[in-house]
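The structure that follows is given in the form of structure tokens.
For reference, chains read A, B, C and D in written order, and residue numbers begin at 1 within each chain.
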Amino acid sequence: MIALAYWVQSLLRVLGGTVAVLLPAGTIVYLFLFKMMSFMQSRLGPMEAGPYGSLQLFAEVGKWLQKEDIAPERADKRIFRIAPLLVLVSTFLLVAVVPFGPDAYFTNFDAGVFYMLAVSSVSTLGILIAGWSSANKYSLLGGLRAAGQLIAYELPMVLSVLGVVIQAGTMNLQSIVMQQNAGSIFGWDGIGNPFILTQFVGFLIFMISVQAELTQTPFDMPIAESELVSGYMTEYSGFRFLIFFIAEFATAGVFALIASVLFLGGWGIPFSWFGWDSVGSIDNWMNVGGPLIMVTKMVVLSGIIMWVRFSYPRMREDQLQRFAWKVLVPLSLLNIMATAILKVVF
Amino acid sequence: MSDETLALPGDALREGVVDALRSALGADLLDSLIKPNDDVWVRVATSAWRTAGEVLRDTVGCDYFAFLSAIDWMPSPYGKSEDDPTEPAPEVDLTVRQGYCGGDTRLQVFARVTNTTKHFGVTIKADVPDDHPAVASWIPVYAGANWHEREAHEMFGIGFDGHPDLRNMYLPTDFEGHPLRKDFPLLARMVKPWPGIADVEPLPGGDDEEGGE
Amino acid sequence: MPSKLPKPKVPGLLKGLGVTARTFAETVKPKKMGGGAATVQYPHEKESPPIRARGVIALREDNCTACMLCARSCPDWCIFIEAHKDLAPPRRAGGAPRKVNKLDRFDIDYALCMYCGICVEVCPFDALFWSPEYEYSEPKIADLLHDKTKLGEWMETVPEAPALEAGAEKKKGK
Amino acid sequence: MTDLADRQKLSYIAAQAADARLNVELETEGMTLNIGPQHPATHGTLRIIVRLDGEQVVWAEPSAGYMHRGYEKLTEVRTFPQVTALINRIDWLGSFANEVPFILAAEKLMEIEAPPRAQYIRTILFELSRIANVSLFLGDLGVQLGAVTPVFFAFRDREYVLNLIEAATGGRFHPNFDRIGGLKDDLPAGWLAETKQVMKRLRGFCDEIEDLLFGNEIFQSRLRGIGVIPADVAKQYGLSGANLRASGVDWDLRRDQNLPMAWDKADWKVITHPDGDSFARCWVRLQEVRESTKIVDQLCDSLPSGPIMAKVPRIIKVPEGEAWVSTENPLGEMGYYVVSKGDLGPFRVKIRSASFNNISIVPWVLRGVYVPDVISILASLYFILGDIDR
């Protein structure tokens, strides 16, 4: 390990945080929203800006930045302007605990899982005040739907993560990564012990909840372009809409990162491949290789999120509430019980 | 597909319609016309308009409501606006001539209902009095008549007694006039000169004799 | 209560994912292997409209006699014709010079035209034709009024009438 | 027969009472929401005023007329060929089907009939316009329910049908191909073979939509049991087409009428569904596209040879009289009541368009549903603005 001065470390972390939020957002928007969606619909998507439309993203950002920043006449203007920032802040807070390598993390503390679940609901506040302050009935309906939905799906998400926490015996995300990569399946350590194998039900529930937390189809009732005309975002334009947009896809990326940390072994590769046995013995290049591995996993997971989004119609509000409370919550409770019993037995 | 549904309507069925209406309405059935292998028209008295609808629905079995509308039988005083302004305006014959089953008034309401099991339809007409243009509403008979009566009201100025809500459907609330009446000019054709007027400049010599072959 | 549906072998949710994945694969597949997108990258590649496509009306000025039939049958009143009488050389040697109508103005307002084709159909002298040309948009709506020179230029793009399907009756005359 | 007006009144009173009770007991206030005139669910400019209690609709009222073009007045100053060009624009997705009943009505008054080959080609083009129209409905249905992909499939495969229509008639959307006495032109060479190819493709499209949408459990739970219209109500409101057949009424004007068209020359089924809910309406339409492709295939095979135009004078004057002809258009029963006074143009044309009746049931059917269901019910009723307002 190399020792860096505190200010260098801090600078690196701030820069890294920005990159860790914007890069997934950009990747997801270009790879999936522009390209994968187009291919799934037998078209090519943006092709004019840059090779294969790769610079389209910058064109879009430029377009949004040029637009006038409009607030409706009767809106609660101060709150109206703050709302998108609050949603984006939630994303930045979320990325803070995600470990990208043995030393490449922003902060590493023992209540990582707890913190992550707590800050992920900050965006709910932003969405609710965006819906309320817009002085628009569609926005209001969208904001209320979003609040109801995000709270409903917070619970199965927490409960599904609990399974992992019980199995790992820690709430520190870094330790969870270590355990998965250093672990073994009945003595065979060829692929470590990623929790997706033992916690598959938890993984499914987590991914469904993520889909709902991100308000992606089939859980996009709060946005619902065809009925609520984008719900709480109806009145936003210009860079405030852009912030909502970035936050939506950045959060998708960050949640995919967290899912890969919790269930897929995070930044690590099975330690047995290189004969590492403790944190100290991990080679330094993992601080560069780790983030790349994370991004790969993030792309795969967010690809699945987007694939589902482009294929399904949306559920009605009461149906998705029923699904959360009557299916996901009992299922995740059962999962916790089974995990706890097995933990005691083995 | 059973053979029964395939059977296409015969004229016997149409005569049955007229007979049923005659026995129910008596003298209020003013006129009827059956075109063989085609269709049937009946005209009932204004006062029997709603009763006739009920008879059609309950006795004749016309459960399906196709439409309700009106006709203004007065020829348009404006023509097609395709006249040469340099020539004297052509004479317009404004005598009112009604269509099938005759009639006494300028405005007539007519509707069409269909029997969906025996596959035949009836066109039914009634005169609308000139001094008090109103007939009974068909909403209690066919609920779907609601919008059609609103449309006829705003387009022809015909009232429908018993209609709960004769608001304008298409036009602004303060619109004046009834567009589908023939004496309502079609402004789109009035404000623009007709381009079909021959505009050929004669030879400077000015002889009108046709040359060539 | 809604009636029962047959239970599918594969859950519909998975089938849906399958359909999008299949389309994805088909679009990514190279053109040579029968794949590719259904769309055309317009300014770079162009689709060719069918022969009969009603793109724009072309005018053969020599054939027009300013008989006004087209202007009168136009539902939108979008054809404007002005003409003057002129002398033309006789058809037979030694005949008297013919008097013909020479066009001064033949304008079609494409902002009004609804491409119904009635004018082309009623023209008794074969002066109007349909051309499949479609790239003549203008930034200003007033510029869509095209005069006889422009309409004449489009004559070059008028294709031959297509052969008819088997069983069609041969056209008499013409 | 149940007295519908009474039932309507009672349900209205009940809804009002419920609203009032809520207002008193819970001190809530209803909210009036304008869906439209500019709203993605109204595909055009229809405005629906709904009064909401939370997300539940207490009262709904469509307000049409934002696209009223006064076609009935315009027909009075036009000649018969000009009217044909005009009425193309009523239901703009299935234009050719709009021309047919009008031309048939005029032919009825003139007592002429198109030659068999023209009848066949008319029927083929009629069904093609149904396919083009309804396939777009199937895609749009997905968008209304939040699935973004089906609409692109619909546009992709409808394009092939539009290309066929364009190759035959010259117009993609507005063919203006039907003439009194026959057709404007015969088909171009190679058209029939291509049509059969496209029909095969369209059947594939139907399978795709079935897999992607109709088989999807979320889709089913969104539509089944929602917006149920019983058969007697449907008939009283004059609902037609798939909306009526989805309520279990076996009534198809293609079969149940003696028109000089070629539907009876092909073997096909009338699709009905007993449920009367939104799913039934959409399902019936999907199956009807399949049946239409079958009709087109069979008629392409058995297309007779011969002329395509009956003997008609060059300048058409339709004799005095009245005629009503309606056909089973993509949206439902589309009919024209043509009154002629022996002139170049009609004296009065009453246009009976399907969507006008189909949408007039909206106040009845929307009461008590949730906001998302408003959208799905409107989508399943399937209206086209030009067809409502004319």
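Things to note:
What we mean here is this: contacts are C-beta pairs under 8 Å (C-beta built on N, C-alpha and C of every residue); 3 or more make two chains touch, one makes a residue touch a chain.
Fair warning: this is a prediction, and the values are worked out from it, not measured in the lab.
Traced through touching neighbours, the fewest hops from chain C to chain D number 1.
Of the two chain pairs shown, A-C and A-D, the one joined by more C-beta contacts is A-D. Central chain assignment: D. Criterion: smallest distance from chain C-alpha mean to the mean of all protein C-alpha atoms.
Separating the centre of chain A from that of chain C, both taken as means of CA atoms, is a distance of 52 Å. Remark: chain A and chain B have CA centroids separated by 64 Å (rounded to whole angstrom).
Distance from the chain A centre to the chain D centre is 44 Å, each centre being the mean of its Cα atoms.
Each chain gets one centre point, the mean of its Cα atoms, and the points for chain B and chain C are 37 Å apart. Taken residue by residue, chain C touches two or more other chains at 13, 16, 19-20, 23, 38, whereas all remaining positions touch fewer. Chain contacts: chain D has residues 78, 149, 153, 156, 212-213, 216, 218-219 touching two or more partner chains. Multi-chain contact residues of chain A, defined as those touching 2 or more other chains: 40-43, 310-312. The touch graph of the protein chains shown belongs to none of the named shapes. Those residues of chain D lying in contact with chain C across their complex are 78-79, 81-82, 84-86, 88-89, 117, 149, 153, 156, 159, 163, 166-172, 174, 176, 184-192, 208, 211-220, 224-225, 274-275, 277, 279-280, 303-308. Against chain B, in their complex, chain C makes its touches with residues 66, 68, 71-72, 74, 77-88, 90-92, 95-101, 104.
Those residues of chain A whose C-beta lies close enough to touch chain D in the complex are 37, 40-43, 137-138, 141, 217-218, 220-221, 224-229, 310-319. Within the complex, the chain D residues that touch chain A are 31, 33, 35, 39-41, 55, 142-149, 152-153, 156, 212-213, 216, 218-219, 221-222, 370-375. Here chain A touches chain C in the complex through residues 36, 38-44, 47, 307-308, 310-312, going by the rule given at the top.
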